[in-house]
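Take a look at the following structure, please.
For reference, chains read A, B, C and D in written order, and residue numbers begin at 1 within each chain.
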Amino acid sequence: MKPEEIYKTLADKFGESILGFDTELAGDPIIQIVPSAIADVCQYLAETDTLAFDSLMCLSGVDLGAKEEELSVVYHLYAMQHRHSVVLKTSMPKTDAHLPSVSHIWKTADWHERETYDLYGILFEGHTDLRRILLPDDWEGYPLRKDYKEPDFYRGMRVPY
Amino acid sequence: MPEIFSEGFFPKINLQEGTNWATDFVRDVIIPRLPEAVAGHFPMELGTVLVMLAFAGIFVAVVPLLPLVLVLAERKVAARFQNRTGPMRVGPWGTLQTLADGIKLIFKEDYIPPQGDKLLFLLAPYIIFACSFAVFAAIPFGDGIPIPSDFNIGIFYIMAISSVIVMGVIMAGWSSNSKWSLLGSLRSAAQIVSYEIPLGLSILTVVMLVESLGMRDIVNSQSGGIFTWLIFRTPFTFIAFFIFFISSIAEVNRTPFDLPEAESEIVAGFHTEYSGMRFALFFIAEYANMFAVSAIGVTLFLGGWQGVLPGYDFLGGFPGFVIKTLGLVFMMMWLRWTLPRLRVDQLMNLCWKYFIPISFFNILGTGIWGLIFEKDDVWSIGISCAIIYVGLIGAYTVAGRNLVRKPEPQPS
Amino acid sequence: METTQQTESKIIELKPFTDEMVVNMGPQHPSTHGVLRLELRLDGEVVREAIPHIGYLHRCFEKHSENLSYPQIIPFTDRMDYVAAMNQNWGFCLAVEKLMAADESKDFAIPERAEYLRVLICELNRIASHLLSFGTYGMDIGAFTPFLYAFRDRERLLLLFEKICGARLTYNYIRIGGVSEIIPMEPGSIDEQNYLDEIESFLDYFEPKIDEYNDLLTSNSIFSERTMGVAVMSAEMALSYGATGPNIRGSGVDWDLRRDEPYSIYDRFDFDVPVAKDIPELGAVVGDCWSRYKVRMDEMKESVRIVRQILAEGLPDGPVMADLKAVRPPKGEIYFRSEAPRGELGFYIVSDGTPKPVRLKGRSPCFSALSALQELSRGLMVADIIAIIGSIDIVMGEVDR
Amino acid sequence: MDKYIRNIYKGVYTVLVGMRVTIRQFFEPNVTHQYPYQHDFEKKQNVREIPKGYRGQLYNRIEDCIGCKKCELICPVDCITITGDKLPKGEQLWDSMNVVHLKDGREVIGIIEGDDKKIMSEDSMTITNITTRLGSQEVIDRLEASGDESRTETFSTEEVSRVVTRNPVVFYLDQFDIDMSLCMYCGLCTEVCPTQCLVMKDSLEGIEYSSFDRTDLIFNFDKQEMYDKDEAENTEAAD
């Protein structure tokens, strides 16, 4: 299935939760989704036979810059059986970044969501084990946010070398 | 030259008749050489003790040199197997490398884990060291070379002493207060205790044939050339030799049975926390053990100091004995640098499901063999060799074709 | 029947209380392939739970990249999977090239010669990577000698890489729009001929060695006892955990990006994709450690096949670098994946039209595969943990980035 | 029972097959060499060759450097520090000249007769006005001894490795530091260098420069005496 068709299917099914379909920018077309609906959409994508997205290739957080007070999470899905892929994107304000977890649908999302939480501070609701994964447990702040200021000291060690 | 060397390089001592060879040595060698005034009043008991101490001193001085050589040999052999050169820096061709390592280890800090059990921690390496060297006391190196303690239960003594090693291993593992050490020592305990059984049962087949536990008796019974060696005496001892050999590899904790010190799993096993000289003691003990079990294997199955042809005993058979032993040591090294390591359950599987049943079968077979044939019957040796030959050829052809093929590369 | 049940229940009652032992395996441990830390909850030798802790080698690759221009990022991709750095370079360059190709105003084509060189070098690097995997796996299982044999052969490959790009491990060879010209190799020159001859002689030497290694390790009964039937990862589980590359092929999924989504010029070459199958007479089960390992061994042969095809065709003439004025992809975002030796290597790039990316995420195959470790290791023994880590072939540089 | 015997056979057989592989290697020659000592018995076939173009230690031939700071810009880890300044307008350190690098490592600075672009295609080149500064002292000594006023020397093209044409220098470098403890050996800086004066040493000395002190790994390539303007004028006046 082409991304347009998938978009139409999703739009029919979920209505207003599907915000739009970006094709203007270079690269793959993106389906914009409301954050709260992401788990339902993913569940639908994974379990419908005609779609059957059985693998989550990548899950990444994005912070486009200080001007846009927004964090995004991008899901790249692939269906081994039908050999088609889709990109889902969901955006939320920086101050209140939370969305449902998809780790029960694809287990690989477990660590990817932990990483996104670790580096962006996005809370994944329903994740069983949302801890920092790459950084130390007592690290402060979320380094990949564009407004992140690195601390001067971490446990008495100078951070900026 | 003193007269003691007149008969050969080593003094011939009548070891069979006297109750104690040291007493004999004092009576036959020392007293005749003393001035007559002293000879009559020479204290027999003191002399015996002194002679024994002197021999023990020679052993303690000479035998630790063996590991020094063996460690270097191991490293060089491993290097050859892996297309390397091995140690090359210290001395010509790196021959002094182990000496340098030893000196380095002596000067290193002897670290004792503060939370560990200090007494046991200090004691453990000595127990292992002492036991592995006590085994040498009963090994007959050659005809005429005195065995320091030549009792009539030599092989039994060796078995008994070498089982004490496991105590040292457990002590080392427990007292280190390290989880890796504990895992290693418990693995070792299970392994050594289990493999004692097939080891003992294999020895039993030999003892049944020779009808003696004395090491010298066992060697003397193999004096008729290569085909009277116990390995070829019956088809069952032939199998028993391999079970003995593999079990003894397990006894000395070498690959493929090096689970107690599996470096890729539990870091270094029971000696993880040891450093300096205490670590060196473990190391020396391991290599001394290796030599000891090979020597026992040679004594029991490969004719001891007896030559390939009957009557051949150059320098009392000592060089022949050492060559045979080093051959077995080389086999151990070869296996070590070829094979991966077993898992704990597979190790036990191998022992309890394969070695022990086969050993019992061997004992049964040897018993029946003993009933059918007279002792030292030439016919029995001929038949045995024929059976072994046919068996090997059969295994090579029939089984090689039908039982297992080499795994084909997977069809893609 | 009743009596057996009674005895069974009695055994359970008498079962002695055993305490759980928590052991830290790593970050300094001989066989955690770097700085992986496993929190093992042991019941004797049996693992109740193995919880991986990563991040000891985190070098802020993604944060760094946001402050670097695209050509500057390439050396950093070297440091991700340092065992197969060529493939990492390539994966990143492919992603950037695809994003740049979306901008129709600039047209650039990667020269034919560069494509051939890329495939040639990356397949050789795949062999080097799998060799290392084979060697370290042997060492994990306890056989030391295969490790040194693997290094001996890998050394020849490293010398080849050294000759073409000047470095042994962190190559920085494949560039956006072509390959590096740091050591010029004129088309048809004697240098090129010598280089190709050297590769040829390596392949002639190496191909029989694979069979030798199969004799030495793969078919060894101790090795197969240790790895066959251990830690079976079913196809569903592998997909769900995002395992890719040899891991998913070891689970019986016939999937290779080089064949199924051919990028570059892989559609011109003839090669098979080794997929694990049940081998009942040996005891191998699809998805066990042995299958994953065997797929790698077979893949080396396929890589040799690809390289031989390139050598037979010869490198085409022409430049090795596209005519690029500046690397400045258009506004947009891309996710591109390629088949690295450890699986699907994806780069997600968000560009705002400046020479620096706004966001760059490396989706590393090991990261996903390692997350399956916790489920795979439940109820196995300590020695099996080592076998699993070796068989999923992790490189911590890539996991932690 | 069949499986039991099969297992035993398989175990023994595969072990023997493995042992055959290792014992074959036992008699193969070594593949290692004794770094850094190369004993005589190995010298013949077993010396490590560092291939041409190896990315070793960075080295800057400051005489050719034009201070463009491209390397500083491209360096991903900022291990190159360059500070320099322009001369006042209208002044220059020296006129256009050529730097001829000979294959034996010597450098001759002067003006090449004829067209700069075509010199490499000809058999030999004649260099006039060889400067006393920075030139190969050996060449200069010989020329001065011969009393040749124009200080001309002819080299065959085979001797010459490369020629760098220098524009009027209106720039001087105060500092050209490379911190090799930070360098990641990517080689990007050597690729962007327009005069190819920043190179990576592809010899043993480019590899063996380890040090006990981290600050020893900061290499200063700037030569202040090059930019000593008074001295330059003096020498030119003396000429």
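Methods note: a residue touches a chain if its C-beta (ideal position, glycine included) is under 8 Å from a C-beta of that chain, and two chains touch if they have at least 3 such contacts.
Note that the structure is predicted; figures quoted are calculated from it, not measured.
Visitor: Quick one: which chain's Cα centre is the longest way from chain B's?
Guide: Centroid comparison gives A as the farthest chain from chain B.
Visitor: By Cα centroids, which chain is closest to the centre of the whole protein?
Guide: C
Visitor: Between chain A and chain C, what is the separation of their C-alpha centroids in Å?
Guide: Here the centre of chain C sits 25 Å away from the centre of chain A.
Visitor: Where the centres are mean C-alpha positions, what is the separation of chain A from chain D, in Å?
Guide: For chain A versus chain D, the centre distance works out to 48 Å.
Visitor: Which whole number of Å gives the spacing of the CA centres of chain B and chain C?
Guide: Averaging C-alpha atoms per chain gives centres 45 Å apart.
Visitor: Chain A to chain B: how many Å between their CA centres?
Guide: Taking the average C-alpha coordinate of chain A and of chain B, the gap between them is 64 Å.
Visitor: Out of chain B, which residues touch more than one other chain, so two or more?
Guide: Expected reply: 81-84, 337-339, 406.
Visitor: Mind pulling the chain D residues that touch 2 or more other chains?
Guide: 7, 10, 13, 15, 17-18, 21-22, 25, 31 - these are the residues of chain D that touch more than one other chain.
Visitor: Show the residues in chain C shared as contacts by 2 or more other chains, in ascending order.
Guide: 145, 149, 152, 215-217, 219-220, 222
Visitor: Which pairs of chains touch each other in this structure?
Guide: A-C, B-C, B-D, C-D
Visitor: What residues on chain B touch chain C, complex-wise?
Guide: Those in contact with chain C are residues 78, 81-84, 179-180, 183, 187, 255-256, 258-259, 262-267, 337-346, 406-407, 409-412.
Visitor: Could you please specify the touching residues of chain D with respect to chain B in the complex?
Guide: Residues of chain D touching chain B: 5-10, 13, 15, 17-19, 21-23, 25-26, 28-32, 34, 37.
Visitor: Please give the residue numbers of chain C that touch chain B in the complex, ascending.
Guide: So the residues of chain C touching chain B come out as 21, 23, 29-31, 45, 138-145, 148-149, 152, 214-220, 222-226, 272-277, 279, 282, 294, 298, 381-384, 386.
Visitor: Taking the complex as given, what residues does chain C use to touch chain D?
Guide: 64, 68, 71-76, 78, 145, 149, 152, 155, 159, 162-163, 166-167, 170, 172, 180-183, 212, 215-217, 219-222
Visitor: Quick check on the complex: what are the chain D residues that touch chain C?
Guide: Those residues of chain D that touch chain C are 7, 10-11, 13-15, 17-18, 20-22, 25, 31, 51-55, 74, 76, 184-188, 190-191, 200, 202.
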